[in-house]
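Listed next: structures, encoded as structure tokens.
In what follows, chain A forms one complex with chain B and a second complex with chain C.
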Partner chain A sequence: MTVWERIAAMDRRWIYLMCGIAVLVPFIIPVSLPVYTTPEVQQLYDAVNSLPDSSIVMLTYDYYPSTVAETEPMSRAALHHLFSKNCKVVTLSNIPLGGPTIAERVTRELAAEYGKVYGVDYVNLGYKANYVAVMKGLGTAISGIFPTDNTGTPLTQLPLMQSVRNYEDIAFIFVVADNATADYWVSIVNAQYGVPMCCGATAVMAPKLYAFVGSGQLQGLLGGMKGAAEYEQLLGRKDRAVRGMDAQSLIHLLIIVLVAIGNLGYFMGRRAKRGERA
Partner chain B sequence: MRRTAPVITAFVTGVVVTISFFFNEQTTFIGQIQSGILIWVTIIFGMSLALGMVSITRVNFNKVKRRQEGWPYSLLVIISVFVMAIPSALPVSWSPLFGRNEGSIYYWLWTRISEPMMATMFAMLAFYIASAAYRAFRARSTESTLLLLTAVVVMLSRIPMGEWFLRLFHPSLPDWINIYIMNGFNLSVQRGIIIGAALGAASMSLRIILGIERTYMGKG
Partner chain C sequence: MSTFSPFELWIMAFVTLAIFSFLYRDNPVYRLVESIFAGLSAGYYFGLMWDTVLMQQVVYPIRTDGAWYLLIPTALGVLLFSRLTRSYSYLSRVPLAFVIGSTSGVFITSRLQGLVLPQIRTTFMPQNIPGGSTDPGMIVVLSAIVVIGVIATLIYFYFSHEHKGALGVTAKVGIWFIMISFGAHFGYTVMGRVSLLIGRVQFLVESWIGSFTS
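And now, the complex of A and B:
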């Protein structure tokens, strides 16, 4: 077996070990390289920043716990931005598995930091099944789809919800999603009700959403942990996403190096075989 | 009747929801019918989740009863489902340990077991992707070489270290990648895919409304 064949047939456990080291090392020795802001994130920041103070904003937690590393920093940064502008926040989730619980945990933690009162400054509507029907139904009456909040309190008992009947009372929607609900927020809520919105999505989903930024239906986009890190930097609060960028940098570089070595092994091995045949 | 009733229901519902799109939802009769249908849709969908719970219990219970291969896992599934579901459904007025609030049994199990497990499963993908990229990402043809180079350039532009590296060649290189790849090639292709998918969804909806497509009944 030649050296190149040996390289090409490298045991996958070595690759796993390298990945493990690439993820762990930056958490022990942080580098904190500067993050450059992309136009989509700047656009999102400007759109949220230009909202009048005390506006009512809907923030969605349309993500599963599996993607919290990418999406939760977005929700946290969004809440920092909104609460610092004294915006009233209505949260909801179209994900049955964990969405409402994550919304409850993240929103309460950040609200406590800013001294916000539940029911007055923010409300968690929780989850209702079938996101297409929910998004459409909210356009008529929020209380029709969510008669109570996540804890079962009737909306009529929550002061904030007395001034929020449907999308007409919502100034802006901040969608954080790791699945197709982002498309429906655009095609149903933005296209049919004209509510301005922006989106934070996982890196896998982001390329698709560039089309909606281009059409002006999304007023900004956070793509994956990089997008979240850029947003955190614009807010002047380097948090989880900025910390995670070191690990992401190393693991991306490792994959690039592995792809290069794999190709080198492939071509050198092929050349060696040709030489043997000749 | 078992075949006709669902077709009629799909036709009437589809037509009403389509027509009501052109009417005010709050002030017109047809708009209000649509609101009613939407509430019913969420209720039916919620019922389907309950049906899923019945199904998962039945399938795994049979496996345990017959001592089929891997039955201890099935037993674990049944226990997990009920340990999570029952305390979360019981009223908080009975005990603060019930319901889904912070401090409840459900909340504790969720934050300390479910959430880390799901995050771990997803994080493991990074290891598999690295291994798969090493083995399969080969420049075998012009197309695969183009794909490979684009992937490498985009990956570099999505990390601070890569951005710094790209800026060594030209200070605006990461911006050009964003303009020409993400907002150029990617955007135009995604638009094509989105429009194609929307046309497909529209034609499928029309087939269901008109009763041509009946696979949702379990038969062709």
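And now, the complex of A and C:
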């Protein structure tokens, strides 16, 4: 058996082990590789930064717990940015599993850090089924879709919600999503109600959403952990995403090497077979 | 600092490691955790639907505000279950007609207004160069690439004529653009999947193992 045949027949568990080590090592020995800012993230940062202080911003938690590694740093960075500008934040989730719980935990944690008062500075509307109906309905009356907040308190008892009736009172929407809801926020809410928005999305979704940035329908985009890391860096708060980028870079390097070796092995093996036949 | 209690951290760490154990081979611990996850998700989802849809949107408004008209959509919803019986399954067509009609109404408008028209317009507008450069030559080249790419890709999906001659050449150009697009998608997908692994390792190292020392 040649060395190339051995590589081709390598048990996949060795690759898993190599990936595991490549991810683990940077957490034990941090390298702090540089993270460069892309224009889409800079655009998003500038768009949020240019909002007048105390603006009312809607922040969505449209993601499942399975993608928190990418999306939660985006939500946290967005809240840091918005609370530091004294923006009023209305959060909601269009995802049944995890979204409302994560929204409650993350928003309350960050609000406590900035000394924000629930009902005055921020409100968590929670979850309602059927996101298309929710997005359309919020355009007419938020209280029609969410008569109460996530904890069951009527919106009439929350001072912030007395000045927020529908999209007309929302200055900006910050969508954080790991699924098709991002698409619908753009095609239903931005297109039909004209609310400016930006999006933080998982890496898998990012290529599709770049088209919306190009057309100006999105005022910026965070693509996966890399986008979140860039945003954290722009905010001057190097957090989870920045810490994860060392591992991201190292494992990408490993994958490139493995792909190169795999292809080399394939071609060398084919050449050896041809030689045997000749 | 972690917001979870030590008990929660240990449960989370055990479940994470149990799921990772599948990478070595299928085993009873993995299957147990997988079943717990499926059961918990189903139970949570049912409870959430019961509370946020049935109670908050039907029962409470009828009981407190006297919104009796809500019985009409509720009855339509119940009719969907008629599909479970052979003799009355035709009744489910009534709510389905509403669902299909309203969905078409919402989606035709939103797709046209929010996707098709803005994207067509942007395709034929001068493209912005990443980095903010205003070099007119670069703008022309970039805009031409976008227009050619879109047209060539669309022609690749035009199947009413055999891809021969000019049509065939354009379709081949389209394949190249599609391949480049797939490459970008694949790269981002790898990054996404790796991020998920990083997230769990980050939890294990920083939150779980970190809790031993704090």
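A few notes on this one:
Heads up, the rule we're going with is that the second predicted complex is superposed on the first by the 278 of 278 C-alpha atoms of A that agree within 3 Å, B and C clash if a C-alpha of one lies under 4 Å from a C-alpha of the other, contacts with A are read in each partner's own complex, and residues count from 1 in each chain.
Rule of thumb we're sticking to: a contact is a pair of C-beta atoms (placed from the backbone, for glycine too) under 8 Å apart; a residue touches a chain by one contact, two chains touch by 3 or more.
Because the structure is a prediction, the values reported are computed rather than measured.
Applying the stated clash criterion after superposition on chain A shows that chain B and chain C collide. Applying the stated contact rule after C-alpha superposition, one finds that A:E109 touches chain C and leaves chain B untouched.
Legend: residue contacts after superposition of the two complexes on their common chain; A:T148 is shown touching chain C, with no touch to chain B. Judged by the touch definition given at the top, the superposed model places A:L33 against chain B, while chain C stays out of reach.
When the two structures are aligned on the shared chain, A:L24 is found in touch with chain C, with no touch to chain B. Applying the stated contact rule after C-alpha superposition, one finds that A:M10 touches chain B and leaves chain C untouched. Once the two structures are overlaid, the count of chain A residues touched is higher for B than for its counterpart among chain B and chain C. Residue contacts after overlaying the shared chain place A:G99 against neither chain B nor chain C. In the superposed pair of complexes, A:G262 makes contact with chain B only, with no contact to chain C.
Looking at the shared chain after the overlay, A:G214 reaches both chain B and chain C. Looking at the shared chain after the overlay, A:G200 reaches neither chain B nor chain C. Shared contact residues of chain A with chain B and chain C: 16, 19-20, 23, 38-39, 66-69, 96-97, 100, 105, 128-129, 132, 136, 183, 187, 192, 203, 207, 211, 214, 223-224, 226, 248, 251-252, 255.
Here chain A touches chain C in the complex through residues 13, 16, 19-20, 23-24, 27-28, 38-39, 66-70, 96-97, 100, 105, 109, 126-129, 132, 136, 147-148, 183-184, 186-188, 190-192, 202-204, 206-207, 211, 214-217, 223-226, 240, 243-244, 247-248, 251-252, 255, going by the rule given at the top.
Within the complex formed with chain B, the chain A residues making contact are 10, 12, 15-16, 18-20, 23, 33-36, 38-39, 64-69, 96-98, 100-102, 104-105, 108, 128-130, 132-134, 136-137, 139-141, 144-145, 150-151, 183, 187, 192, 203, 207-208, 210-211, 214, 223-224, 226, 245, 248-256, 258-259, 261-263, 266-267.
Chain contact summary for the complex, chain C toward chain A: residues 3, 23-24, 41, 44-45, 48-49, 52-53, 56-57, 61, 103, 106, 109-111, 113-115, 118-119, 121-122, 127-128, 130-132, 181, 184-185, 188-192, 194-202, 205-206.
Within the complex formed with chain A, the residues of chain B that make contact are 21, 25-26, 31, 34-35, 38-39, 41-42, 45-46, 48-49, 92, 99-102, 107, 110-111, 114-115, 118-119, 121-123, 126-127, 129-131, 133-135, 137-139, 148, 152, 155-156, 158-164, 174, 178, 182-183, 186-187, 190-191, 193-194, 198.
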